[in-house]
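What follows is chain A paired twice: with chain B in the first complex and chain C in the second.
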Partner chain A sequence: MAGKLAQKSAITLRGSTDIVAEFFSYGINSILYQRGIYPPETFSRCQKYGLTLLVTTDDTLKKYLAEVLAQIKEWLYSMTVQKLVVVIKSVDTAEVLERWQFDIECDKSAKDPGAKPREKSETDINKEISAVIRQITATVTFLPLLETACVFDLLVYTDKDLDVPDSWGESGPQFISNSEEVRLRSFTTTIHKVDAMVCYKKDD
Partner chain B sequence: MAGLCPRKKSANKKHDPISCDIEFDGVFAPGVCAKLVAELIKHVLYQRQQFPMSYEQVKQHFHRQQEKEGPSKQRGLGAVHHNKVRQGIETAEEMFNNLEKIFSQMSHIPQVVLVLGATPVSPKETYTFNLPAENSTGDTLSLKTGVRTMFRRLVQKDFMSDLKLMSPTSAFVLIKAPRKLDGTVEWFQPKLNFKLSTRGRQVVINLVSASCAIEEELSRGSETSFDLSGIAPLDSSSTEQLNTSAYENFSPGQNDSGFGGENRFSKSSESDMTPMLTDRMEGGGDDDFIWYQAPLAIKGFKDKSSKIAKNSEMLI
Partner chain C sequence: MPKRGDFKVEKLSEIAKRRNQIKQRKSDIMAHFNFENNLSELTKLDAPMQRGPLMRWQRKALSLDDQAGAGGSSDRHLSLPEGIAGGLSPRRTRIGSSRTPSKGSKTPLTCRTPNRTPGKTPGNSKKVSGKTPNKKTPLTPHSDRFIPSRSTTDQDLGHYLMMNNENENPLAGGKVDYQQRVTENICKGQQDPQNAKILSFRQKAPQAKEGYLNNLKVLYSSGKCSAPKALSTRQIPQQPDRILDAPELLDDYYLNLLDWSSHNHLALALGGSVYLWNAGNSTVTLLCELESEEEYISCVSWIKEGNILAVGNSTGAVQLWDVSQQKLMRTMGGHAARVGSLAWNSYILSSGCRSGAIHHHDVRVADHQVGTLTSHAQEVCGLQWAPDGRYLASGGNDNLLNVWEGMAEAPVHSFTHHMAAVKAVAWCPWQPSVLASGGGTADRHIRLWNVLTGACLHSVDTNSQVCSILWSSSYKELISGHGFSQNQLIIWKYPAMGRVAELTGHTARVLGLAMSPDGSTVASAAADETIRLWRCFEIDKQRKSSSSKSFKEPVTKSALQRGIR
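So, the complex of A and B:
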C-alpha cells in the first residue's frame, strides 16, 4: 500500500513529460473550441482534471495534433523545448490576432543518471492544471471577438542547436502589433514548469 | 489523576475575507449593472465547480442535445441528470431576468450577495458584490466595456483558483435595495431579518467608478456595522433605552399607529424592535435599505454525461 502511494506521488522525467504533453493537448483543444476556430459541433465533451473539456472529433485535426505533440513530447523529455505558442490569425489577411504562449522551464537535474523521482502528487498537479484551464476559459470573456474566420499555427521554441525535423519549418515569432498581454497561471510537476499567457490585438 | 482529552481542532478555520477592487472609468445604466452582476454570478458558478462548464457552454450543449435527441429520449439516471441541467439553466435564466427587472425598478442597489451553501445562513462561501455608488459621475459605459474591464481584473487577480474545491451546492442571491413593501417588487422576497453570515469563506468584489472612489468608501455598508457619524452602534442596552423611551413618550388619547387602551402600554419586547431598527441602521441616511432574496436557488451539478478521459488518451 505504501509502495503504491509512493508511486502515485513520485514524478519521473517520463511521467512529467506525459503530463505536460497531455496538458498541451487539452489546452490547445480548449483554445480552438473557445475561440471558435473550429465549429463547436466538431467537439465532444470528456472529463479530465475534474473539468468537462472539449476535444476535437475532426480526424484531420486529431492526426495533426497527435503528430505535433509526439514531437513536443520528445523535446520535453530531452528538455530542449522552451515555449509552445498557439497563434491565431485571420484567414483573409493573415494578420495575427492572438498568441497563447506557454513558457516551459525544465529542471535539467532530473536528467542526471540516478536522479530520484520527485515528490509531487498527481492530484496536486491536476488541480494546478485545472486552474490554468479554467482561467483560459474565463479569459475568453474579455478577449475581443474574432469576427473573421481564423486559422491557427503552432510554434515551438527550442534550444538553438537542435536539428529541425523535416516536417517542421523555421518560422518567425509572429508577434502582434498594438497588443495587450495578460499573464495567466502556471503549473509545475517539479521537473517541468509551464507558465501561460495570452497576447491579443487591442480592440480599437 | 483524571485523563485529559486533547481538544478537538475546530473544523471551521476562520479565513480573512478576500477583496478585489475593479475600477471603471465611468458609470453604468441600471440595466447594464444588472447584466454585470449576472456575469459575475455565472463566473462564480463555473469557477467554483457549480457548473461543469461555463454557463454559456452548458446552455449551448444542453440545447444542442435537445435538438439532436429530443426531450423525451432521456431515461433513468440520464433523465435525472438532464433535469438537473435543465433546472439549473431555467432557474439561472429566471434569476437574471428578474435581476434586470429589479434593477430597473429601484433607484439604487448598492449590494448583491451570492451565497453558496445549503442555506443562506449557513454558507460555505459568500460573494458580496458592492456596486458603484448612486452619485457616481462620468461617461456612461457599455456592457462590453464593463464586462471586459471586470473579467480582465478578475482573471488577473484569479483568487478563486486558490480556494478549496467545492462540491455542487445551492446558490442563493440576495439584493440590498430600498425598502418597498407595497408589492411593487416582484419575484424577490423581502427578508427583513436577514443578516449576512460571517461563516465560511467571504469574498468581496467592489465595482467602483474611478471618479467616486472616496464616495464609494462612505456609501459601502457592512452587515455588522454601518458607520453613520453621530449614531452609536445598536446594542442590547440601547434597545432597552429606546423601548422605554417609546413608552414614556406616548401621550394617552393621541391617535397614532395602534396604541389604545391601558393594557397596550406594555413595553415592546426587544425582538419586536430590533429588526426594524437594524434595517434602519443598515440603510443609513435617508434611504431605507433591506434585503430581498430570490425565491429560487440555482442548484449546482456535476457532469454525468460525458466520458472520463484516460491518461495519455490524447497522445500517441
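So, the complex of A and C:
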C-alpha cells in the first residue's frame, strides 16, 4: 500500500486504487451535501487533502456507499471499470436531473508483475484531488436548483466480458434529454486517470 | 271572312296576349330558377343571401330612413344586401340620430357579409380583427356563431398523414443511424457503448427523510426570505444617510476598491482612476488616473496616519501617493499579476497577488521587498494585519484562511473550513487574537477564530455571499456585506452572533465596506454603482464622554512619512 508519508513517491497499483476509491468516497459525499440530496445536518466535517470535507453520518447511507465502493475498488484493481456515474433523479417523476460522470483510464501496463512502481508524490496527487473537489463545491454557483426531493444512484461502466456479481444488475445509461455539460478538472496517479464532468438538465 | 284590318288587330292583341303569356311563362320559370337559387344558397350558407327577406336590422334601417324622411332613392337600395355592404353599417344613419355610431359598429358586422355569420372566410376575419380591438356585442340579440370554413383544409391529405404517423417506426430508416451517431458523440467516441456494461447496485440508496425539502431553493432563489427576527435595542436607520454615485465601479468580487482614511477621506477606485471624497465637506478630488485603457486599479489602502494612499493595479505594481500634495511618491513592482489586496502594518505594506503570492514591502528603504509568502495557490483577496501588528491574516480563492506570525514564511494556522473564497477578513479591535472571516457563494458562513489556540469559536450561516466584515468597538458588534439575493448589510451582536439589524437598499451585490474614522458610519460599495453611507453605529454622546480615552489616539505625523522614499 502506498505509504501515507508525505515524501513517499512510489505508487503501486494497490496504492493507486486506494487513492482513487477514497477520492470517490469523498467526492460522492461532497456531491450529496452540495446538491442537498440529504439534510446538511446529517453531515460532519473531516480533514482530507488539505480541505475540510463533509461526510455523511447516516448509517444506512454509509453502509450503502461502503459496499458499492468496495466493489468498485476491486474493479479498479482489475482495471475493468471505465466510468463511475452519479445520477441524481427526482423522486416523484424519476426524471434524471443531473449526471456526474467520472471517466477512469487505466494504464494496463501497471498490471504486469515486473512493472516498476510509478513515481509521483502523494502531495501532488492530493493537490490535484483537492482542486477537483473544490471545483465540485464551486459548481453550486451555476447548477440549476433541484426543486423536488431527489434520490441518487450509482452506475458503473465496466468491460463487456466482466462477471457480474449477484448484487449488481444491468441498467441503462440514464442520459439527460436536454442537457448542458461542463467538464471539470482531472487528476492522475500515473496508473489511474480520473476525469470529471457534470451534465445537468437545461433550464428552459 | 275577317277583314284585313281586323286580323291585324286581332294579331296585335294576340301578340300582346302572347307576350304576356310568355312573360308569365318566363317569370314562372324565373321563379323556379329563383327558388332553386335561393334554396341552394340557403343550404350552402357560404355566400351572402342574394335574395330573401330582409334582416331585422335592415328593416330597422329602412324604417329609420323612412322616418327621417330623407327621400333619397339610395334608401331603396337598403333593401338589397349589397347596398348595405356598400359601406353603411346597420347602426349608422345618414342623419345624426340619437343612435351615434359606437365603436361597436366597427364590429365584424361591417364586413362585406352582412349575414349572420360574420368573419367566416379567413380574409374577412383578418381584416376585421385588425380594425377593432374590442368587439362589442351588437344590440340585436341574434347570436354570432362562428362556423369555420373548411374550404382550405385538405381533409384527405390530413387523414392520410395522421394514419401513417401512427404506424411509422420512429427509428425507421435513417433514424437508426442518427441515434448511433448521437450516442457516439455523447460517449465522446472513447468507448463504443456496446463494449461496456452498465451496472447498477441492486439495492438502492436510502432516500432522505420524509418532508425534507432541499433548502438550496430558499438560499438561491431571490425574494425576501423570512430572516430570523432581529433584536435591536437601539434605533438603526433603515435608510442610508447618503448615496454617492460610483460609475464604472468594477463588479469584481476579488478586488478591494474602497477605503476610509483616519483623516475622513474616502478613497474609491473607479476603473483606472482613484477618487477621494472628503466626508467633511463633501468635495471630490481625482487623485490619479492610469494612462492605459486596459489597466485598472485593483486595490486601495490608506496608511494608518491617513496621509498616504497605497494603490495596487492590474499590472502588479503598487504605487504610494501623497494625498496632500497629490504626488506619486514611489512605485513598487515585483508581482506577476494584479494586486487585489493591500494591508499596512506601520511601515510594512503587504500586498496580495492573483498568483497567490504575498509580498512584504518596507516602504522606507529602496530595496522594498523584504518578504515573500507563497502559501496560497490562488488569488489572495483578503488581507489584514492585526491591530497590534503581531499577526497577518490572509484569505484566498483557494478557500484557505492563513494566519502568519510577523514576517514568518510559513503560516502558523491554515484554516480550510471555508468552502469558497475567503475575502472578508477582519481582526477584532479590542481582542487582538480574535479573527472574523467570511466565505463566498458556496460557503456563506462567517467564522470567528481564536488564533492563539487555532480554534473556531463560532460559525454562522448568513445565507448569502460575504464580501466584507467590519467590527464596531462602540457597540461590540460586527457588520457584514452580502450579495445575492438581498444585497444587504447585516449587523451581528458579538459574541452571541445574533442578528441585530439588516440594512437593505442596494440593488446589486455589495463589494466592499469601509468604516469612518469616528466609527459611526459604514460605507458600502456595490455593483449597482452606488456607495451608500449608513449611520448605523451612532455615537452616543454620553458613551463618548465616558470612554474619553477612546482607541483613537491622536495621529501625529510620524517620522515615517519623512522616511518614505
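In the analysis below, the second predicted complex is superposed on the first by the 197 of 204 C-alpha atoms of A that agree within 3 Å, B and C clash if a C-alpha of one lies under 4 Å from a C-alpha of the other, contacts with A are read in each partner's own complex, and residues count from 1 in each chain.
FYI, contacts are C-beta pairs under 8 Å (C-beta built on N, C-alpha and C of every residue); 3 or more make two chains touch, one makes a residue touch a chain.
Predicted model only: the values in this text are computed from it and were never measured.
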>> Under the superposition described at the top, does placing chain B and chain C together on chain A give a clash or a fit?
In response: clash
>> For A:Gly50, using the defined touch cut-off, is the partner it touches chain B, chain C, both, or neither? Pick first, second, both or neither.
In response: both
>> Per the contact definition in the header, classify A:Leu69: touching chain B only (first), chain C only (second), both, or neither.
In response: first
>> With both complexes superposed on chain A, which partner does A:Leu61 reach: first (chain B), second (chain C), both or neither?
In response: second
> So, A:Thr141: does it touch chain B (first), chain C (second), both, or neither?
Replying inline: both
> So, does A:Lys160 touch the first partner chain B, the second partner chain C, both, or neither?
Replying inline: second
>> In this superposition, which partner touches a larger number of chain A residues, chain B or chain C?
In response: C
>> For A:Ala94 in the superposed arrangement: first (chain B), second (chain C), both or neither?
In response: neither
> Now for A:Arg185: first (chain B), second (chain C), both, or neither, which partner does it touch?
Replying inline: first
> Of the partners chain B and chain C, which touch A:Ser25 in the superposed model: first, second, both, neither?
Replying inline: first
> Thinking only about the overlay and not a real complex, which stretch of chain C clashes with chain B: 346-354, 364-372 or 544-552?
Replying inline: 346-354
>> Output the chain A positions appearing in both contact lists, the one against chain B and the one against chain C.
In response: 40, 45, 47, 50-52, 67, 127, 134, 137-138, 141
>> Please output the residues of chain C touching chain A within their complex, sorted ascending.
In response: 186, 190-191, 193-209, 212-217, 220-221, 377, 398-399, 414, 416-420, 441-442
>> Which residues of chain A touch chain C once you look at their complex with the stated criterion?
In response: 34-40, 45, 47, 50-52, 58, 60-61, 64, 67-68, 71, 82-83, 91, 103, 127, 134, 137-138, 140-141, 145-160, 162, 164, 166-173, 175
>> Residue numbers of chain B touching chain A in their complex, please.
In response: 39, 43, 46-47, 49, 52-54, 57, 60-61, 64, 147-152, 154-156, 158, 161, 165, 303, 305-309, 311-312, 314-316
> Contact residues on chain A for chain B in the complex?
Replying inline: 18, 21-22, 25-26, 29, 40-41, 44-48, 50-55, 65-67, 69-70, 73, 127, 131, 134-135, 137-139, 141-142, 182-185
